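For clarity, chains are labelled A, B, C and D in written order, and residue numbers in each chain start from 1.
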Amino acid sequence: MVAVIALWCVAALAIVAASATILGRLAVGTPIIYAGSLVASLVALAAALAHLLDPHAAVATLTLPIGVPWLGTHFRIDPLSAFFLIVTNLGGAAASLYALGYGRHEAAPLRVLPYFPAYLAGMNLVVLADDAFTFLVAWEFMSLASWALVLADHRAPENARAAFIYLVMASFGTLCLLLAFGLLAGPEGGYVFATIRDSHPQPVIASLVLLLVLVGAGSKAGLVPLHVWLPLAHPAAPSHVSALMSGVMTKVAVYGFIRIIFDLVGELAWWHSLIVLALAGLTTVLGVLYALMQHDLKRLLAYHTVENIGIIYIGLGLALAFKANGIDWAAALALTAGLFHVLNHSIFKSLLFFGAGAVLTATHERDMERLGGLIHTMPKTAFAFLIGCIAISALPPLNGFVSEWLTFQAILVSPQLPQWGLKLMVPSVGALLALSAALAAACFVKAFGVTFLGRSRSHAAQTAKEVDRFSLSAMFILATLCLLAGVLPGVVIDILAPVTQSLVGSVVPKHAGPPWFSIVPIAESRSSYNGMIILLFLVISGWLTALFIHRFATRATRRSAIWDCGYPDPSTATQYSSSSFAMPIRRVFGTTVFDVHERIDMPRPGEMRAGNFQLKVFDPAWRMVYGPLTRLVDTAANRLNALQFLTIRSYLTLTFSALIVLLIVVAAWS
Amino acid sequence: MELILELAAQTVQMFGVLVIAPFLLGITRKVKARLLRRIGPPMFQPYRDLWKLMHKEAVLAHNASWLYRVAPYCVFATTWVAAALVPTYSTGLIFSWSADLIAIVALLATGRFALALAGMDVGTAFGGIGSSREMMIASLAEPAMLLVVFTVALVAGTTQLSTIAAAFTEAHVGLRVSLGLALFAFVFVGIAENARIPIDNPATHLELTMVHEAMVLEYSGRHLAMIEAAAALKLTLYFSLLVCLFAPFGMATTDRSIAALALGGAAYLAKIALLAALLPIGETAVAKMRVFRYPIFLGGAFAAAALAVFLLFVSRGL
Amino acid sequence: MIAPLDAILWIPLVAVPVLALVTDYRLGAALNVFASFLTLAAGISLLFVERVRTDVFIIDDFNIYLVTLTAFVGFTTSIFSATYISHELEIGRLTPAFLRFYHALYQAMIGAMNVALVANNTGLLWVGVEVATLSTVMMVGIYRTPEAVEAAWKYFILGSVGIALAFFGTILVYLVAQPVLGEGLSAMAWDKLVEKGTALDPKLLSLAFVFLLVGYGTKVGLAPFHAWLPDAHAEGPTPISAVLSGLLLNVALYALLRFKIVLATNPETLDVGAIMIALGLISLVFASFMLYRRRDIKRLFAYSSIEHMGIMTFAFGMGGPLANFAGLLHMTMHSLTKSAIFFAVGHIAQVKGTQRIADIRGLSTTHPVLAVGLTFGVLAIAGLPPFGVFLSEFMLVSSTFARQPIYAIILVFGLIIAFGALILRLQSVVFGEAKGPIGKVKASYIPLFVHLAFVLIAGLWLPEPVVRWFRAVAAQLG
Amino acid sequence: MTSISFDVAHLLAGSMLVLSFLLLYQDRITATLNVFALQAIMLSLAVAWQALIQEAPHLMVTALIALTVKGFVIPAALHRIVRRLGIHREIEQVIGGGPTMLTGLGLVALSILLVMPVGQGVSLLTREDLAFALAVILLGLLMMITRRNAVTQIIGFMSLENGLVLAASGAKGMPLVVEFSVAFSILIAFIVFGVFVFRIRERFDTVDVSALDRFRGERSDHS
């Protein structure tokens, strides 16, 4: 039933996409298309939620006679896909709502409208697919639709470059997944997931599949060093699409990983988790460090997605480690942490991209060095964005903290793991996670502080107008969800229970029991957290303090000029900028992690010319991985190109040589 | 009835830390002054300072936003709540389970987040420099702190402060290399987090290397009072944590009689007073560091804490 | 009532002299379309009548869909060509006299390909392929520019050597069969060869296959015998590029596969699969790299044809039900997609007045419909879903990796290299700031989008009979 | 099959191979043309002999075509072209005579190696014939790729084709041989015609690389 509803929603999205090619020409088309997407997403969201909450819900399957001829197309809804349907459609609904307002500013609607619902449909299909072919078709369709969306503003050469790199890497990832499915399905082509589940793969095959899936799904999710497309492509798309790409599509990639590794392969060795954890730890720290170095708001957010993917993968890696050692309850905890973060990140990353989009609409600027002071001109956006910043920085009492807290709890269980490799790896990853959490806070102090606080650095920022109601309501709904998931984490954990039950055969204890919505992942004596109480405490103590001061002290306030130690400078350029904010951290980590090129041209005392400081930060992944690769292809292409310019005689010589070689082969054989 | 008693115990702790916090600051200042052969302000001077500040008119820059005005309360509230949740004289208070050690560290981070934002609100170079450096220091201190948390949590098998304290008072934990390393790291982190020498100098506004004071440069009146109070509370919190994690003896655990509680309270007060006196002694002995030496300082803490965790993982008996 | 089989052979044969005599080029084009339509109708009706099997002709699972496909692409191309050439006439690249010649040759080529496909005789197959080749040689050179003449000459010389070698292979097959099947036609008939396959001398048969591989491989465009292909595609009229890539390469591959079926019946022959795998992979990887330095848009897609012929050859070399199925599907999909791409490219070259990729920019701004057509075509040929090429590549790659991981990795490597090049060029042509003339497209879009629609449908759903034929042939191919 | 018929066929085929070597050895165009004419005549004799021993009179037609077209008409035409183009002096060989001959010997050895192990199902005569034909074909190809001059390359191709006809005539009872030989003659006529008409293509390949670049239109622009 739910599968049918979800498929109808996908079909509805497809129809909306098709009609967008015509409606897109009309002014009324934009709201109709987005409203259609909104309704379809909401219906799918409701259906998935109902499925996951229903304790008696059975796994639903559906087969359509299309696709691989003799197999058909299989769809299935189990708790895992239901959960990811929720994530997908929540993001989709929010983005549609946001776009009802934001989309009106689109210069060329025909380059966005048809692809947006198609993109949503693709993501939903990935989650619904129950055979390798359907999965990959949907997977690549999703890439394709988002590729078109990245190219929405196709005149900018950097967008074209971003789109190109994106599509090539997406396709590379798909091919890796294809190889993985090839291994799992065997030469007979048992592509249906049910068949794969029943065939227990050899350890060697399982290892290969893990590597391939890490690369395949990881390149989509943005694991370092496969992340390079992400900070290019995500910012290039229109902001509601950026939100989907960062907030939802990367989660669909995570879904792919979970589906194949946890569900289809099932049995893995403990050292597999070592690889996952190492990659995840690296991704977490590098992602946030690169994010800190950005001054393009949307690119900062995109890089930060890399960090969050790392956090999610830490949870998944831990779950693998525990599962391989048969500690199911801990595996359930780690998986819950990872999945909780999936939900959280999809919410606040969408929110933040919406905010960035609002800033972009209001100021036509993405460069933080030209923004500032928007809290005065766009107070509502600023507030929503602030909530997102707090949440993503993993600060209590919002939701980001809860998932990170759960991850820490899972890490603290790890002494129970018997293997030495894991004993050493897990605390290291824990340290990296702690480091990244602190850096994330720095990153978002910078993002919010430079963009919204201080004095406006450009005229555009000074004259910005608050955005429309649709955009605002989308942002505020997500901000509310951030808060709700933060203070009522038990509800989310209970929702996740069927998922972990189906994947690792255990659940985190139910949270209906403990009072006041506190969460107790293992046992009460071990650890517990109560976001609700913390929030109440904060509110009450803050309120008490304010009351006390207002009652017993003074409320007198005077407005005055900035003091600034007596030397205020009216130029807005004297404020701390984005790159100066990041400078201490750049210095600390610069030599090891970044390719930083600083050039300082300081006038000598007495010289009248202006000083000059140039800063370039490169992602070393380009230098170390992609640069050599590109050069290799380039060289090979150049060398081989000589073959286009030979004489006919030379071509005949080629033919002749090939013939002789083949004849010698035959002679040698006979 | 029992509930009321429990609530009362919790309330005592909550307001207790608030009351003693300025006093601790007074002690440190007094000791420091004596060490420098000055007479120094009276020990109760911080109370008077706060009271005075609260009654002064708050001066806001023209372009200060609502965030600027809310941040001090926010900082104060988070620090207060965090401090109230660290067991001082007794374990197992009614709300102790609502936040564990990790959550307390994170609550402090929330306060810092608010303050760093406030530092950037008016748009001055000083505010920015303060926020930027504060976040840099935090980014180095927080992982070290969390590794300390790991160490303690792994030894005690829990991240719940009450349980940790109870475990350390009752069970025979003994002296452990890991805990020693963790203590070392914790002290370093505490110094950095509380803006003490050699990381920062709480006594001055006009030094190029200043961090915390640069952030709050524009604040005045009741807002400044809140921030100062929060700073004092934070110091108290770190003292309490140190006491709770590494020297929990005397704390009331299973025995919840008035006598036991009173004993716990007395022990607690004695311990933190001692710490408040020790801090300036250490501070007087060292010089302020340059900013870019901080990573080495905090890196040392991180390394010590990491070593502590690894030792625990490698051999759970150490 | 004429039998459909006779019809597909006679209609082009009659059309050749008629078209050569019609002086009005419009009438000629219309007649060309009409003849192609009749051939298509005959080809389709072939599906519904009883299968023929005589000493000379045969209709079986293998060629039945290829005949229909050839007739279909021949028909759509004739529609495209009818609108295309009038523009060529306007700008003076062709004269009416040459058009008579062109239309006659077009029918000759279609007829020859039909002969090759339905022949139940190795010699007749050879004749068909060669006549088709020679007629395309002349069409390639029809513009008489130095480049066109050079391309045609290269095609002619390399083609002739291929013809000769394929003929020698054919003689060898006859020599092998003659002691078993007796003298005369029966020693050249497919069905008899397959029946008595095990009795044939395996050594000489293997030797024969090598010559056939080099000979017909030249026609297929396998590297290193490919040299004629890019230039012939680039310099000839675009409809000819479309049928070259879409049909002639297929027919040559079909010829090779027929021989492979014979070899597959005899287990003692040389493992020709390995040779085909090697040639296929060489072609794929080589063509993939060659795509990067192309400046001429038609040459670009010509190299892409080499790449795809490599994939098919690889697939048939791998063998097994899945890989063979994938190869057959790929043959069909490639022929539809590549001809669609050439239709689009033809339109582009006409409106922009150039084939230089660097001079074509921002097509999506100036010609949105055309841009959509080209984009879908290129995405399809690059192997992206939901188009049919993806289905075949899916089966091929996944089944290969489970059997021969190394081959699959080379295959994937070639695919991703080619993918990069195609997307790079696609983006530069379709997106960015518009450049060049913005005149309207005069030729018909219908063939382009009909082809793409078929490719799209096939990617999602294959009709049951097609699946049945493919599986039957896949089983035969071993 | 009597031994005499076998010996004669063997002799004729063998002499074709020898003539192929002679072709490879020649370094002047006119001499090459003459040797080729001789090979064509030898071919017609061989085919005629096959017609006799296979009692296949239609092969006589093939022999006749070989004799007239390739023995007389084409050599005469080529002589004219050579004179017209003024290239009757020397032959540009890509590699020297010695290596070419050595390669040729290797090719003959390869042909024998390939055909001889073939099973007894195929008669000895056919096999011998086939080995010679294969060698002639390979030598023809070798000639095509070792000469720079268009006329000699054509001769190489025709020599190759002689090998084909030899093989076809040796295949007992093969249908359509005559038609094939006619088709090939037409093909060769086309090639000769092409060389004759497009005199810009005096050679298959030209030393002047820049001219080629202009034609191919790919290398000249540097975008």
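Heads up, the rule we're going with is that contacts are C-beta pairs under 8 Å (C-beta built on N, C-alpha and C of every residue); 3 or more make two chains touch, one makes a residue touch a chain.
Computed from a predicted structure; not experimentally measured.
Chemist: Given the contact rule stated at the top, which pair of chains has the most C-beta pairs in contact?
Modeler: Chains A-B share more contact pairs than any other pair.
Chemist: With chain centres taken as the means of their Cα atoms, state the distance from chain A to chain D in Å.
Modeler: Each chain reduced to its C-alpha mean, chain A and chain D end up 68 Å apart.
Chemist: Report, in whole Å, the distance between the mean C-alpha point of chain B and the mean C-alpha point of chain D.
Modeler: 98
Chemist: In whole angstrom, what separates the CA-based centres of chain B and chain C?
Modeler: So the centre of chain B lies 77 Å away from the centre of chain C.
Chemist: For chain A and chain C, what's the span in angstrom between their mean Cα positions?
Modeler: Distance between chain centres: 43 Å.
Chemist: Check each residue of chain B and list the ones that touch at least two other chains.
Modeler: There are none in chain B.
Chemist: Two or more other chains touching the same residue: where does that happen in chain C?
Modeler: 153, 157, 161, 165, 203, 207, 293
Chemist: Specify, in ascending order, the residues of chain A that touch 2 or more different other chains.
Modeler: 644, 648, 652, 659, 663, 666, 670
Chemist: All pairs of touching chains?
Modeler: Applying the touch criterion to every chain pair yields A-B, A-C, A-D, C-D.
Chemist: Which bits of chain A are touching chain C when the two form their complex?
Modeler: Against chain C, the touching part of chain A is residues 65-70, 110-111, 132-133, 136-137, 140-141, 144, 151, 154-155, 157, 160, 163-164, 167-168, 171-172, 175, 178-179, 181-183, 185-189, 191, 633-634, 636-638, 640-641, 643-644, 646, 648, 651-652, 654-655, 657-659, 662-663, 665-666, 669-670.
Chemist: Of all residues in chain A, which touch chain B in the complex?
Modeler: Answer in residue numbers: 372-373, 375-376, 379, 386, 390, 393-396, 401, 405, 408-409, 411-412, 414-415, 423-424, 426-428, 430-432, 434-435, 437-439, 441-442, 444-446, 448-450, 453-455, 516, 518, 524-530, 533-534, 537-539, 541-542, 545-546, 549, 552-554, 556-565, 568-569, 572, 574-577, 580-585, 587-588.
Chemist: Which residues of chain C touch chain D once you look at their complex with the stated criterion?
Modeler: 123, 127, 130, 134, 146-147, 149-150, 153, 156-157, 160-161, 163-165, 167-168, 171-172, 174-176, 178-180, 182-185, 187-188, 201-204, 207, 231, 293-296, 299, 356, 358
Chemist: Of all residues in chain B, which touch chain A in the complex?
Modeler: My answer: residues 54-67, 73-74, 76-78, 80-81, 84, 95, 97-100, 102-103, 106-107, 109-110, 112-113, 116-117, 119-129, 131-133, 135-136, 138-143, 145-147, 150, 153-154, 157-160, 163, 205-206, 217-218, 221-222, 225-226, 291-292, 295, 302, 306, 309-310, 312-314, 316.
Chemist: State the interface residues of chain D toward chain A in the complex, per the touch definition above.
Modeler: Where chain D meets chain A, its residues are 94, 107, 110, 113-114, 117, 138, 141-142, 144-145, 148, 153, 204-206, 209, 212-213, 216, 218-219.
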